[in-house]
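Both complexes shown next keep chain A, but they swap its partner, so chain B is in the first and chain C is in the second.
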Partner chain A sequence: MGAYIDHFPREAKLIRSAFYTSFIMLALGGIFGVIQTLHRTDVVRFIDSADYYTVLTAHGVFMVIAFTIFFLVGMFTWAVTTSLERPLEDMSFSWLWFLMMTVGAVITGVTILLGFVESVDVSADVLFTFYAPLQAHPLFYIGLVLFVIGTWLAGADWFRSWWAWKRENPDERIPLPTFMVLTTMIMWYIATLAIAVSILAFLLPWSLGIFDHVNPLLTRTLFWFFGHPIVYFWLMPAYMMWYLLLPKFAGGRLFSDPLARVVFILFLLLSTPVGIHHQYMDPGIAEGFKFIVMTNTMFLLLPSFLTAFTVVASIEHGARQRGGDGYFSWLKSLPWREPAFTGMALAGLMFAAGGFSGMINAGMNINYLVHNTLWVPGHFHLTVGTAVALSFMAGSYWLIPQMTGRRLASKPIALLQVVLWFVGMTFMANSMHRSGLIGIPRRTAEPQYQGFEFEAALGSVSELNAQLAIGATLLFLSLTLFLWNMLITAFNKSAESPGENVIPTPLSGPDDSPAVLDNMKLWTAIAVVLVILAYTLPLASIVSRGGLLGRGGDAFPVSIDYLALFAQVALESAAGLV
Partner chain B sequence: MNIHRYEKLWLVAALVLIVGFIATITYGSVGLGIAMIDDEAETVNPEKLNEHEDFGEPGVKQVGENEYEVYVRAWQFGFDPGSVEAGLDPIEVPANSTVTFYITSEDVIHSFSVVGTNINTMAIPGEVSSVTVEFDEPGEYGILCAEYCGAGHHTMEGKIIVHPEDEYAINGTDVETGNDTTDETEA
Partner chain C sequence: MSSAIQEQERERELGHDEFDPIGTLALIGIYFLILASMWLFMYFVEFLGNGPTVVGMI
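Up next, the complex of A and B:
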């Protein structure tokens, strides 16, 4: 045995490249994150408010499209090769998908950033949701298409490994890590189909001037068809770490393999037919559909509840293996000095908090109060911004040495880093949730209005802003420490062994669980049927109301023209006042 | 398959909780009759709003004794009526009235969000959102657009003024907008 790099040197190189790319994206996203926080809270403003939306688009896309998914492909490659104990089938194919993803991300990223350059008429200030009729430059959509096709090929690569393995091991259960990868990818194929249709059939031709119109409600609904499951695409690698690595770091092993399978199947089945819960406030969708979707969403809580149980039980088991006892005093026996463990444990804790605010979002009538307020980013900085991002960073403290064969540069700094993220996020999320409750909107450069003020129930708006700014600063500091640690580790000369690349076998294994759990075809079929049931009627109704290509309404490239238009309107109305 | 006893208990508890949530919300929306934004209103052509019977001349219309309809057009970057900052009229209704807002957009997706209330809906070109509200007390409310709509999004705001019943006259002609003066004359 040995480190991952000792077994799979070629794969380790690919995985390293994916991780490093994701860290670069994280760094960029973080810079924009802190700029926008200081701007909207009016602490430091050095950009134009019109450019705020370029910054916000960049933050969203770099964080949740690039950072998370580049990390995911590295993680999944690790999981498949480790658990099948076989190298990838064809490295040049693997480099091809990685290259495609990178080229796509660069094209989209550069198109967004060109929004800052006034002399170039290219921009994509459409945020990561790109709701039409807001229009981006065609390159923005083209980059996204390349990136997504890259992920499809990556999935094909992992399926290919599994098929090859199955031929040699016809009677064995799918190893759990591979099982997780396969179910997650099936979900991703289903979900991305909608965004592929939305971009290729509507948005891209429209941005190229082939069509005059699109149906804004249709493309928006297709976005959320994809937009909810992508949330689980971010989350699944983190869940995978909690199931596979966290118990190991705690000194034990996973509690139950079969239940882990059940959880991933539930995610595959339920995560797509719920997207309309992002559209409770949209006209043109019947209340009944919204209600069905809400019910599905509530059931989607189940796999997360089950995960909470398994993870806590596995950690407790680990602690008892390490000599812990008592009802709660076993907590003291956990390896709190290990940044990988502590980071993931804190991430899990924040996920629980994020779960609670998520339940509020999901309630279709309570949603009126918080929809599009800062409450919502408050919620998802706990989930994707911490449960996922902090788990990825913590996991990197173990994974990067595995992939490089080099020792982690500084453990104490790593420990400080994960704690700092937790503290920073506590400030930021607290402020965002409370600001949202008093109605302060998200996605707004200057949430300071002329005709009215927000009234804080406790404290004041300036106190909320101060918390937000402090939180963001701590997060940025934490991010810097992380990146610095990774950089030094990458160039660390000491070739000390980073430990074994093993995933401990679960306490109760897969053998006594029904074989049907591993029937990928069956679960795919059920997932597809559920999606058809959930979406056929709403989509048909949207198309019959608004037409496939919409009716009227111009395209709105978000660019300088708008400022001119706005200035003109302002002037006219000023003249009207005089 | 071997499932631990505690895990079974937990599973049951989680399911009960989920069903409980659904029941609460069902009661909240069906039992208490809180209406959702839905597909009841007819679609409109966003390029021909000027020719539309109601949106052609957006504003407040009295439809019953204490019942009003308000047609609002959202555009980059304001509400008509509503955006006082852009030189347009505020939305003015009397207290003790039932008001139904009909909202659509001329250009991109916006929202019509009344600060401090749960009046919050998208304004989608081609679609019409309708929201019915009871205004009991006189007062003023801010409106903002909470859906990103372009470079001037943060400037998109408006105002609703709920006048005391006896001081209200439709179309704003007889209404004194300054609250101070009304206070002097009437209260």
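Up next, the complex of A and C:
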């Protein structure tokens, strides 16, 4: 055995390209992240507040569409080829999907960035959620469509590998890493159907001027049909690292293969029929449907709790093999000087904290307290912003040497980087959650109001803002260190064997689990039925009330005439109030 | 991190039956305690003194 690149040089090149693309997207997203934080906290304001929404859209789309998913395709290709011990079936097909994703991401990205150029009448200031009536230039939607089709083809590529492997190994259990990829991709296929309908049937024709208006609640609901499973699409590669790599780094073995399979099946089943929990505050969806979705959401905590147990037990196994003992002192036997281990362990710890705020978000009545406040970005900066992003960065310290055969440029800086991310996010998430509790809104360029002060029960608003700004600065610094380290590594002359590309066998292997767990058709069918149960009635009710294309309303951005009209109406109503 | 280093650092080989994840139980127990006490705390902060927010009269 050797490094990944020794076995699969062609695949390593593809995976490297995917990782490097994701790092470029991360760099762009990070720049817009720090600009927006310093702007909204009024520390440094060098952009126009109207451009804040371009910045916010860029931060969201570059981070959670481009960075996460480019990393995912690299990671999943690694997992499938490593665990099936076979190269991809056809490299030109693999490069095709990668190219398609890249072209799509570039089109969407450039369309967003053109929002800064006033002389060009192209913009996409629609945020990551692209809620109608916010309207983007058609190129924004076209880029997204290309990107998503690219991911579909990538999934087809991995299924193709599995089918080819199965023909040669008809009686064997699906290797766990491939199993994780397949279940995640089935979830993704189900989820992206909704966004395909939303864009192709409604938003794209609308932005091309074919329709005058759309039903905003319908496209919103279709967005969240896709928008909740996408959070698990980000998370599953991180989970995969925690299950496959973290035990290895800790010096142990995965505690249970069957439990891991159960977790991924639960995500396949429960990720999609819960999207409406992002719409607890939306009028037009009956409380009863929201209640059903809340119940599903609470069940969705189960696979994450199972993961907490399995992953911590696997790490503990490593610690005890390294001589650790006692209830807590085994923690001291872990390899805390290894950035890949420490980064992922800290990411997992932050995810546990994200679980607390996630439970608050999930509760229908408690959600009302925090909805649309800064609390919610606080939550997802713990989950996607740390559990996912920090795991990806930490994992890169092992994966990039595997893919390049080059030595990591600096291990101490890597260690500093992961700790810095953890500290920065502690400040930032603390500030965001507490700001949300006192009602400070999210998605707002200037949350400072004349004649009104937010009152913090503990501390003050300026203290919260300072924490937010310090947090963002530390995170930006950490990001710079990461990118610098990756850049030097990519060009590192010193080639050193990065260790073997081996995933340790689990303590309790696949033979301990019932064969039905590998029945992909069964789980797909159940997942589809659950989606039909959760969505048929709400969608029917939304369409019967508002029509497929809505009942009117204007798109935004609007022309100057509309702005003047709006100002006139506002003035008249203000005069009426006085 | 090469596996050769891992081999050197491994003091003993623990199989499925010898391994008792008691430390995991301890950590998850702490997580549960934090969760439960925050739940209680939330009741005092958000609900005591305020009326019900979803059902009933404002």
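Criterion: the second predicted complex is superposed on the first by the 556 of 578 C-alpha atoms of A that agree within 3 Å, B and C clash if a C-alpha of one lies under 4 Å from a C-alpha of the other, contacts with A are read in each partner's own complex, and residues count from 1 in each chain.
As a working rule, a residue touches a chain if its C-beta (ideal position, glycine included) is under 8 Å from a C-beta of that chain, and two chains touch if they have at least 3 such contacts.
Only a predicted model underlies this, so the values are computations on that prediction, with no experimental measurement involved.
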Touching partner for A:E168 - first (chain B), second (chain C), both, neither:
neither
Partner touching more residues of chain A, chain B vs chain C, is chain B
Which partner does A:S508 contact after superposing on A: first (chain B), second (chain C), both, neither?
-> both
Should A:Y368 be classified as contacting the first partner (chain B), the second (chain C), both, or neither?
both
Query: Which of the two partners, first being chain B and second being chain C, lies in contact with A:Q321: first, second, both, or neither?
result: second
Does chain B (first) or chain C (second) touch A:E338, or do both, or does neither? second
- Would you check which partner chain A:P447 touches, where first means chain B only, second means chain C only, and both and neither mean what they say? first
Message = With both complexes superposed on chain A, which partner does A:E500 reach: first (chain B), second (chain C), both or neither?
response = second
In chain A, both chain B and chain C touch residues 255, 309, 313, 359, 364-366, 368-369, 508
Given the complex, residues on chain B that touch chain A span 1-4, 6-7, 10-11, 14-15, 17-18, 21-22, 24-26, 28-29, 34-39, 41, 43, 45-48, 76-78, 84-88, 107-109, 111, 113, 115-116, 118-122, 124-130, 140-142, 144-155, 157-159
Within their complex, chain A touches chain C through residues 248-249, 251-252, 255, 308-309, 312-313, 316-317, 319-324, 326-328, 330-331, 335, 338, 340-341, 352, 356, 359-360, 364-366, 368-369, 398, 497-500, 502, 507-508
Given the complex, residues on chain C that touch chain A span 1-4, 6, 9-16, 19, 21-24, 26-28, 31, 34-35, 38, 42, 46, 53-54
Within the complex, chain B is touched by chain A residues 49-50, 52-53, 125, 127, 131, 133-134, 215-217, 220, 255-256, 258-259, 279-287, 290-291, 294-295, 298-299, 301-302, 305-306, 309-310, 313, 359, 362-366, 368-369, 371-373, 438-439, 441-447, 449-452, 454-455, 508, 512-514, 541, 545-546, 550-554, 556, 558, 562-563, 565-566, 569-570, 572-574, 576-577
